[in-house]
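The following blocks contain the structures, represented as structure tokens.
Here come two complexes built around subunit A, the first alongside subunit B, the second alongside subunit C.
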Partner chain A sequence: MSAAVVTGIGVAVPNGMGKDDFWAAALRGESAIRTVQRFDVSSYPSKLAGEIAGFEPTDHLNGRLIPQTDRMTQVALAASDWALADAGVEPDTYDTTEMGVATSGASGGLEYGQRELDNLWGAGPDHVSVYMSFAWFYAVNSGQISIRHGMRGPAGVLVSDQAGGLDAVAQARRNIRKGTRLFLTGGVDSSFCPYGWVSRMSAGDVSTSEDPATAYLPFDERARGHVPGEGGAILVVEDADTARARGARPYGEIAGYGASCDAAAKHGGAPGLRRAIETALADAGAAPGDIGVVFADGSGSRADDRIEAEAIAGVFGPGAVPVTVPKTMTGRMNSGGAPADLAYALMSLREGVIPPTINVRTLAPGYEIDLVIGEPRPWQPGAALVLARGKGGFNSAMVLRAIA
Partner chain B sequence: MRQITLRELQDVIRECAGEDESAQSLVDAANEPFDQLGYDSLALLETQARVRRDYGVDFSEADLSDIATPQEFLDFVNNLLMAAA
Partner chain C sequence: MSGRRVVITGLGVVAPGGVGTKAFWQMITAGRTATRMITAFDTTGFRSRIAAEVDFDAEQLGLSHREIRRLDRAAQFALVATREAVTDSGLDAGRIDPTRTGVSIGCAVGCTCRLESEYLVLSDTSKEWVLDHNYADPHLYDYYMPGSLANEVAWEVNAQGPATMISAGCTSGLDSLGHAADLIREGAVDLMLAGGTDAPISPITVACFDAIKATSPRNDDAATALRPFDRTRNGFVLGEGSAMLVLEELESARARDAKIYAEITGFASRSNAYHMTGLKADGVELGAAVTSALDESQLPPDAIDYVNAHGTATKQNDRHETAAVKRSLGDHAYRIPMSSIKSMIGHSLGAVGSIEIAACALAIDQGVVPPTANLREPDPELDLDYVPLEAREAQLDHVLSVGSGFGGFQSAMVLARPGSAA
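Presenting the complex of A and B:
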């Protein structure tokens, strides 16, 4: 069985579009958090977000695609193009069934859905677009990516909130192991419309701060929830032999994966995050000491921060491994967040530097983690761990390893 | 009596299915099959719904199966409009 390696990165996050911009912004510690511009947010309790500015769909997509795509799909399609270009892959040189697609989705195309619901209740059923039949749907990013690049192998969507971003990439690895040669995987989410906004607020933990510098402070003693973000990443994953044969230069190997689910609060029991981490390490054949950096989920709500800090310190030892949350610059991008973290981790493996966590100053008492605050930190690339947790008790962990 | 012209059909279909700068104008391609012009069944379904609504013609999704080109679409709708007048 050949290893699954990442050979292409297509990333679209609020502080940088494309691999080069996104990485430069991360190292500068550049925040994209500000008042929502996409709709009038003034009457809502939460007002800040990490928004992608200046993305013009017609710069990237044929006009025929615009009426049938939500913003999240438009961004995902652009990211899929960038990923393939970065990998130097030309899909038409493959058999269509040798290529698959697995993405994550947390909410579907809510902006599109809200517009059509407005049409339904405001103007009548005759005014609802036929494209509503799929444009809002969780699986639509996988479907449109599959159509765009002629990828007719295994395809699917993973829906487990923020954790789904890792679950999707694990699904890609599973299919690579079964013989699919190439996968586009990852996830992009966006739901900056009133419908999406209130959905996020009802899920809880959205910061009501109006100060971009203090609204989202994971692990900080002042933590008060998170700021939503939009975007994510699409990655090219191939089996190592295929990648080697065509002379590709992989960013890293998807070496290990673990997932767990928390019991409902009424049943009690230990949080599952530590189990997910230990499963991923075992799957990678890695000891805790092999991991050189942890990209934390960084919920920003105190109860979740505590669970995560304890899980990391419990597995690795107090302060024994650098931990970072670049999402402090972008906000939490739902199912796009973990794929973006994979992109940060892969760039860290290649460049030998860990992007910082911004705005955090003082860790809450009892959090025994070594958070990389304010400035990037050099490291000796070996292996990185990415964590992602979703509402509903989803915990996922993925180990990425440098190619020897 | 109201009739739909090729140019009007082009405007409707572009609004429904999106503009493609490189695509051939319907006015110059009235007898080209829709699929050759890059319009799939959903694009036609959306166009049919819009024409039904805006022109008040009673035609259904099933009628589309016999319509392959812009000219056939036009003839079908104009016959219905004439019959209704």
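Presenting the complex of A and C:
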């Protein structure tokens, strides 16, 4: 069975676009959390977000494509270009049938959707765009990426909130093992429009703080919810043997994956995160001591923070492994969050340094985790664990390992 | 874990024309159609005013008042189908191992009905762009992020293994079953509740398809509007519904002496990398998906006894899939029946692939090929046996089902009669 390795990173997060910028911003601990600019949030209780600034669609896409696509697709297409360029994959490196696409999207192209709902109900059915049918649905990014890069292999789209970003990468690995040579995979979400904003707020855990320095404090004693972010990452995942044969330099191997679902309240409500972690470790053939860093989901809500801290301390021992949440700089990016965390983890494997969690000062009592606060921390790269949890009880865990 | 095999041991169907597997099977084998004038909303001003609607009385079907309040129509369909599937499987709920049980649910357009109705409240019928959050439903996030459909099914059956929604447009219902089969084969789980659901008959979705003239405007003859492979075809008719299947690892199904409808022996998906809505006439990528699904099944093309077609009654689909089937099955394609049940139940987007697999499982079990309804004037350019109007009896050992959708996705799945797999 072939190993699946990551050879290209395409990332667009609020504090940096492209591999170099996003990594430099992460090491500087640079926050992109500020008052939403894209639409008027003054009437809403929650006002802060991580927005991608300076993304001009015309810099990346031809003019014909722009009216056909939501922002989440425009960003994803740019990220897919960067990922392939980073991997050094040329259009003729592989046969078109040897390349596939698997992405996650939590809310589709909802900004586009809100505009067309407005057209329908404000002006009538014949004012709905001819592009609406494929601009807003959840599959749009996999479809558009496959078309842009001529990828005719397997396709997939998974929706499981924040966890979906890891589930998509796991599906890519599954297909690499079945014989596909290359996958573009990950997730990008936006829906930074009033409907997306109101929908997020309805879940009750978006921070109402107006201070960017204290709005999103996962594991902190002052935790009070999270700040939404937009963006994510698209990665190039390749068959290890063919990647080596073409001279690629992989960032790391996708060594293990596990997923679970929390029990329903009526069935006892047991959290499933620890099971997902243990499944991923077993899948990777790794012992807890092999993991050198955990990129936590970092919900920022008291109950979920506690569950995650207990799961990490339970598997690895109290304070036994560095834990970090770079999302404190960007906000939580729905299906884009975990792919961005994979990108952080892969850069950590390459550079030997762990990006920090910002703004957090004092852990809530009883959280026995070693959170990397404020400053980057050097480490001896071996293996990293990325965690992602979604509303409704999705848990996913992925182990990345340095290439020997 | 190689060598683990996946079988279908329970079926639950919510389809237009009658809720429940029995009503569904009777309808499609009788060749009756459920397409009609839309009753869900006032269609004045729309081009296509027809659909295949489910007559769905949620309360009578056992949903609680809270479930009815909380759940989008797509989730309500899925819960009813899930309950039927679990009952049908004979599984003892108390003996299911929650951590070895997962959920994979296909859906193309999520909780569109609620997203649209909530939008009307929040925007005061589109008078306000900056929506008034004070009117937000407490469950709005579940409609915004439709992976909630997977959670609802998981909570229903106490599944605590992997759960996800698969949303590859109109192939979602096949892809979700393919994903579920993969998870069982690789040993992540032993049991999956897998299938699809969609409830797209809302103004915004109807308007989307109106805008690109994909749906049939045959408003004066709704009952025969969806005419796959017919010279007079003029587009698909939107449908809605759900099919949920119990998928089980073969040995555990045998150990509990379960009724096995069929084995899932192969699945593959491909992208055409061509166009978000267009199809090339050559059918290359769908043909490649079929070939790959046959390879996974370790079957030659001439093992296939029946093809359940995508059959959406658009000219480009009819030609595309006919070419794909010929390309992948060769001359054998001319010797076997190929029919489209969408002619009767409409096109329920992300649900229909699973409903069609339920039909294939029943076709194998009952030895009956359902017909293509409304096929009275065959397109002279299409030369396969499309089973017009009337069902046929036939022993089916291996069945192929294909799907094709927006985004350029192409999928194929192969089922085998129990004991017939290679």
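Rule of thumb we're sticking to: the second predicted complex is superposed on the first by the 401 of 404 C-alpha atoms of A that agree within 3 Å, B and C clash if a C-alpha of one lies under 4 Å from a C-alpha of the other, contacts with A are read in each partner's own complex, and residues count from 1 in each chain.
FYI, a residue touches a chain if its C-beta (ideal position, glycine included) is under 8 Å from a C-beta of that chain, and two chains touch if they have at least 3 such contacts.
Note that the structure is a prediction, hence the values are computed from the model and not measured.
Once chain A of one complex is fitted onto chain A of the other, the partner contacts of A:F39 are limited to subunit C, with no touch recorded for subunit B.
In the superposed model, A:Y344 lies in contact with neither subunit B nor subunit C. Once the two complexes are laid over each other on the shared chain, residue contacts for A:F219 go to neither subunit B nor subunit C.
Of the two partner chains placed by superposition, only subunit C is touched by A:G196; subunit B is not.
Contacts of A:D126 after superposition on the shared chain: both subunit B and subunit C are touched. Within the superposed three-chain model, A:W82 lies out of touch with both subunit B and subunit C [touch as defined at top]. When the two structures are aligned on the shared chain, A:P67 is found in touch with subunit B, with no touch to subunit C. Of the two partners subunit B and subunit C, more residues of subunit A are touched by C. The interface of subunit A with subunit B overlaps its interface with subunit C at residues 68, 126, 129-130, 133. Taken together, the subunit B residues at the contact with subunit A in this complex read 16-21, 23, 38, 42-43, 45-46, 49, 52-53.
Per the touch definition, subunit C reaches subunit A in the complex via residues 45-47, 98-99, 102-103, 108-110, 115-116, 119-120, 122-123, 125-126, 129-133, 136-148, 150-151, 154-155, 158-169, 172, 175, 179, 182, 186, 188, 203-204, 206-212, 214, 268-277, 285, 288, 405-409. By the touch rule above, subunit A contacts subunit C in their complex via residues 39-40, 43-45, 68, 96-97, 100-101, 105-108, 110, 113-114, 116-118, 120-122, 124-126, 128-130, 132-134, 137-140, 142-144, 146-147, 149-161, 164, 167, 171, 174, 191, 194-203, 259-264, 266-267, 270, 272, 275, 279, 334, 390-394.
Subunit A meets subunit B in the complex at residues 62-68, 126-127, 129-131, 133.
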